[in-house]
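There are structures below to look over.
Heads up, the next two complexes both have chain A, just with different partners, chain B and then chain C.
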Partner chain A sequence: MSEVNNQRRAFLKTSLGAAAVAIAPGMLLFDMAHGSTEPVSGKVRWGMLIDTNQCKPGCDECVTACNTENGLSGGKLPTDSQWIRKIEIKDISTGRQTSLPMMCQHCEHPPCVDVCPTAASFKRADGIVLVDRHRCIGCRYCMMACPYKARSFVHEPIHDQNPDVPRGKGTVEGCSMCVHRIDEGLQPACATSCPNKAILFGDLNDPTSPIAQKLRVVASTQVRADLKLNTGIRYQGL
Partner chain B sequence: MATLSALHTKNKLYYLLLALGGLVVLAGLYAVHMMEEHGHIISGMNNQIVWGLPHVFAIFLIVAASGVLNVASIGSVFGKTIYKARAPLASLLSIAMLAGGLTVLMLDLGRPDRIIVAATNFNITSVFAWNIVLYSGMFSLVAVYLWTMMEQRMNCWTKPAGFAVFAWRFVLTTGTGLIFAFLLARQAYGSALLPPMFIVLSFAWGLAVFHVVQTVIYAWNEKVLDPTILQRKKNLLGIFVLGSLYMVATYHFTNLYFANRVEFEHFILFDGGLFPNLFWWGYLFLGNIVPLALIYLPGLGQTRCVMAASMAVVLGAFIFLYVFIIGGQAFPLSIFPGFEVGSTFADGQINEYHPSVYEFLVGIMGLAIAFMITTVSVRVLNFMPQDKHYIAD
Partner chain C sequence: MRLIALLLLFWCIPSVWATQSTPYKLDIGRGGQCVKDPQWMRKNHMQLLKHQRDEAVRKGARDNKISLKTCVECHASLKDNSVIARDDSFCVACHRYEAVKLDCFECHSGVRKSYWLKRNAK
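After this line comes the complex of A and B, so read on.
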């Protein structure tokens, strides 16, 4: 009888050990892949203040940094994705010229989120507007609805992707404010790459943050403010 | 014997037509496979013109599918006998066109394999999501309506079912118009006029399709439509064409009144290259003036004229949608009003669109599907309008 029990004990021990060996690496990888499991705080609202006086015409360091960070080809064909682009504008009445980067404006009331049939376009609690690539069916309604042309459609198969930024043929994508970097406590690639420090990134809701302090003292505008979308990206000097 | 051989020839012709329809569907499926394999890069659509030719076909079919039910509604809801006799055929055409249009819309998606995602994740604020419910509801409702008409024991339910279809199709076409009406930032769209405009357009397009199919069926069966019935139906088409022209004119006039849309109107009506030509010659002349002349000019208005008028209305509808959908996107989005704009992403530029054969095949597949459903159904079931000697209601 006791011999049988010993065998059972030995079997259970081996099984438990084997199970632990089988599961542990998976758990470790799961943790590594997901990083922090804490939910995003709704108290934060990430945003940017772009000083157009510091943004130089012809400079596209932010565009290059975005392409590298997110694994974009950098192509300029009408079918290529451009998450951020440089726009040169000239006031028709005064002739004043300005250069500025344009990307998803991370609206508080994003039209892309309203129109998306599957809720693949969504706004995170911290104000970042994203596309769930597993849910996007590629109807392109968000591209029609976006007032800033901030979205691109992936027109062809994608190879050599950045593991942090999964993309997929047949789905829509746009600036994610480098959400994977923000979640690691880093700043978006465009903000860190700007040689003139024209892009100030931070928490709009935190009165002590540099962005909130600067917004209190300088005149800033939202692009197409008439649409009342309350964008997270603000421009100075427009 | 001559009759028998004529019957044989007709039979062969029938199967030939069916095979042709099948081939077009197969070609469409091949195009879908290619787009699935290589992505939308093989289509003419891009990041500026995001909706192209497939959407022109799909929206025509869906809008006409709603409008063709007008024939049924005038019969069931308003009790007009000659229309009642045509309600089953109208319902069949509605189902056929809806099936064709929805297939095109679905297969043009970037990820058509995720259609189950669309069915299981529902965003309440999205008019696209509402339309998924509206389209599937319409399908079922019209099927029930057809059943109540074709099964004698269910005839007592025809009127309530007809009422339900009548209400549903108004909501459905409103939903189609709202897809564009909700696009707040684009000068071409974002107008509360669009839903009613699409409803009135649907009346004309649906009736035109009905006339074409009815004429073909009558000719195939060597029957002649009672001239009085033809007279009434052609007059109705004329009124619908005039009504839709009024709505389109109002839409453009209101746009011309808003300073921030004047530039767009100049583009679409005068200096936008292909688009003004298509609008004036294709939509206005071919799609409106020609049919109105064929209907109302003294000495015209016979079967052939009505058939030609209906075909012109259908062609005009396609041209209208091309100008509306593609032209609306070709005009640059105004991100910085009052500024000259330039970028690597075509800001401030007129966007170009060169449709590829693949998207044309996907689009025309919708027409072929509608054609096949109609052809098979009218052969196996009795959809032929049964008119008694015409007596005014």
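After this line comes the complex of A and C, so read on.
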């Protein structure tokens, strides 16, 4: 009798062990891959420093990475969504050419938020300016208000979205600074994809972060600083 | 006496049948219970999803346990990895029976993230 029981115990032990081994990695990955249940902190302010000296004319790796990450078509028609675009500018008097990516500047005082009639356009506590598509009625006031032309309207039905990036017809959208990646502790897709490391992403409020340290020593500009929007995206060498 | 017994039998059969199955075909995918019991979820899942969506979008508090993505991860069909692909898919079957329009999936993906990632991996 006792022998039978021992066999049974041994069997139960091994099968439990096998089950734990089979399930544990999945559970761990599942827990790690998701963000915190706590609201994001207002002490953080996410931003980017874009070094235009490192940004190569003709290179659009950041645009491609953004399109892939967020499921954009990559088209450049007025009716296609573009969250980030490359622009080339030239100083006529000197002939100096500069290449830079332009996207939502994640302002501290965003005009898009001021004009939104449904409070769909909002700034998250950590400084990321987003569209709450549950509230957006597609009026496009924010697109008119934005000095950077950073937002797009979705004209056609969308299928097979990235499960992390819901997008839909009839709403306005724009660069979310890859908020789903930030909440998982990753960097935005454009910053990780840049072959010349021209995009430095980090916390502007943390004096020890690489971006804050670099901002302390190099000259940087905000695009349309005259509007006093205090943008989260800064440019170096502009 | 036999008549009463027969009547009782007829009276009991539908109630037993009703508790054991739904009036429509439903593919519950992997199924299981992780938030609350099924009856509670049938009645209140929309409140949870609405609460979670505002917390997640506006505050960044992503409660993974009650997120739509996690629901889909378990309840998507094991055949096609979707909660909306067929008439008996998890979300569609019930919503069609109750005649409640389901528009989450005009923007949100209705397929398992793990499957989507595998399919879109380069």
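Keep this in mind: the second predicted complex is superposed on the first by the 203 of 238 C-alpha atoms of A that agree within 3 Å, B and C clash if a C-alpha of one lies under 4 Å from a C-alpha of the other, contacts with A are read in each partner's own complex, and residues count from 1 in each chain.
Basically, contacts are C-beta pairs under 8 Å (C-beta built on N, C-alpha and C of every residue); 3 or more make two chains touch, one makes a residue touch a chain.
Computed from a predicted structure; not experimentally measured.
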item	value
Partner chain(s) touched by A:E38 [first = chain B, second = chain C, both, neither]	second
Touched partner set for A:V179, first chain B, second chain C, both or neither	second
Which of chain B and chain C A:G138 touches, first, second, both or neither	first
First, second, both or neither for A:A212, with chain B first and chain C second	neither
Touching partner for A:R124 - first (chain B), second (chain C), both, neither	second
Contacts of A:K169 with chain B and chain C, given as first, second, both or neither	both
Partner chain(s) touched by A:D160 [first = chain B, second = chain C, both, neither]	second
Touching both chain C and chain B, counted on chain A across the two superposed complexes	157, 168-169, 171
Interface residues, chain B side, partner chain A - complex	38-41, 46-48, 50-51, 109-112, 114-115, 117-118, 121-123, 125-129, 132, 179, 182-186, 329, 333, 335-336, 338-347, 351-352
Touching residues on chain C, where the partner in the complex is chain A	53-55, 57-64, 67, 69, 72, 106-109, 111-113, 116, 120
Contacting residues of chain A [partner chain C, same complex]	30-31, 34-40, 122, 124-126, 130, 132-134, 157-158, 160-164, 166-169, 171, 179, 183
Contact set on chain A toward chain B in their complex	76-82, 85-93, 102, 111, 113-120, 135-141, 143-149, 151-157, 168-172, 223-224, 227
